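This is the structure, below, for whatever I ask next.
Order of writing sets the chain letters: A, B, C and D. Residues in each chain are counted from 1.
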Amino acid sequence: MSIKVRYFASLKEMTGRAEDQLDFSKSVTVKEIWYQANKDKTLPDNILAAVNMEYVSFDHRVNDGDEVAFFPPVTGG
Amino acid sequence: MSIKVRYFASLKEMTGRAEDQLDFSKSVTVKEIWYQANKDKTLPDNILAAVNMEYVSFDHRVNDGDEVAFFPPVTGG
Amino acid sequence: MDIKILAESFDPWQEIKQYQNSAKKIKGKVGATSIFVGTMRDFNEGDIIKAMTLEHYPHMTEKQLANIIEEAMQKWQIIDALVVHRVGNIFPDDPIVLVAVWSSHRGDAFDSSRYIMEALKAKAPFWKKELLASDDERWVGKNSDGYESRSR
Amino acid sequence: MDIKILAESFDPWQEIKQYQNSAKKIKGKVGATSIFVGTMRDFNEGDIIKAMTLEHYPHMTEKQLANIIEEAMQKWQIIDALVVHRVGNIFPDDPIVLVAVWSSHRGDAFDSSRYIMEALKAKAPFWKKELLASDDERWVGKNSDGYESRSR
């Protein structure tokens, strides 16, 4: 199962990456993806997650080909 | 005591006049002014009154030189 | 702060640009501008409206609008405000009223512009007479609550 | 209905005029236009701000904004809506966001434009990084409630 992971704003700076391409042999949640991609980094408190550009909770299960994104609280407008 | 009375919108059409100039020998209220100026016409229910361009109640007492106005509900904007 | 009663058609966006360019205190501090523009519809209470005449009470209009803006400035943090209102003969799609409020924060801008607009509808001495498709004329009886459905 | 994400400076009044001229369904039926424009202030949380960089998540931004407008159209009677948002490098007094709603009635226009603006602040994936007078940079932590005083 192939998953694209994207990071925005302060999370891009924190992880040092704009995106990851990960492979999983079994079904995983958004939270498991974070820890797989960022082994040494605790999931920051106020972080938001989206799958295919819709907001999801961290126990949302992803499907093959999904795009997962992690980012801080939004500050537009 | 000299009082100018003005009528606007549908009230101007109903009274057939845009204004009256009235003289009173004693203190009067806005309501008394209406009946002095429009002897045959009952004060319509939803009419508003202003003295010197500020809203007043019908028992407001006027002073010499005041401008009294009668008009229907406002419909601007 | 400015209040304008106009007997000729106006372009609300041009009025805003012009005011913003002339009003120095707006620079740098404004984060939020809330604008309301009322335009003439070609329908009302189930009838087609061809034109309207807007009468007002000169000077009382300005006095009441100044009171209203003053009240809004006491309730909210406002940097500047502009109200423009048409009188005379008006046709569908013509702008009737413009309310503009400049503030540092959006909550203050939204709340105060709405307050000014609702107070204008309730207190500013303007009266509309409609010319129907039948060529009958009628005075608008009173302002509505501003929603499509009255069941709210 | 239109959603525009712009990397260059824009004139909100020009955007409105242009959209109104091109959108035929607005003609005759609109009685109320409610506009919100957010501009960059030269201050925030007690500091002088020289400039800002606005990052976004392309496509998710448009998707979320479309969802928000859709929700507003289900809640209120809206004839048309336009949302424009800047990204990239922004300086004080530059417009950041424009929300415009056209409706037959003022209540629907006011409520829906505010709903869209608050939802945009809460859900549209934009992030601001401020450049302070000291030349330090900082990410804006979260959007405020939009009022001068937080005691409300």
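Assume a residue touches a chain if its C-beta (ideal position, glycine included) is under 8 Å from a C-beta of that chain, and two chains touch if they have at least 3 such contacts.
Bear in mind that the values here come from a model prediction, so they are computed numbers and not experimental data.
With respect to chain D, maximal separation of chain centres occurs for B (centres as means of Cα atoms).
A separation of 48 Å divides the Cα centre of chain B from that of chain D.
In terms of their C-alpha centroids, the spacing between chain C and chain D amounts to 22 Å. Annotation: 26 Å between the Cα-based centres of chain A and chain D. With centres defined as mean CA coordinates, chain B is found 71 Å away from chain A. Residues of chain B in contact with two or more other chains: 77. In chain C, the residues that touch at least two other chains are 38, 106, 117.
You'll find the chains touch as A-D, B-C, C-D. Residues 13-14, 16-17, 27-43, 76-77, 92-93, 103-110, 114, 117, 144-149, 152 of chain C touch chain D in their complex.
Across the complex, chain A meets chain D through its residues 6, 8-10, 46, 50, 53-55, 69, 71-77. On the side of chain C, the complex with chain B involves touching residues 38, 54-57, 59-60, 63-64, 85, 96-97, 117, 120-129, 139-143.
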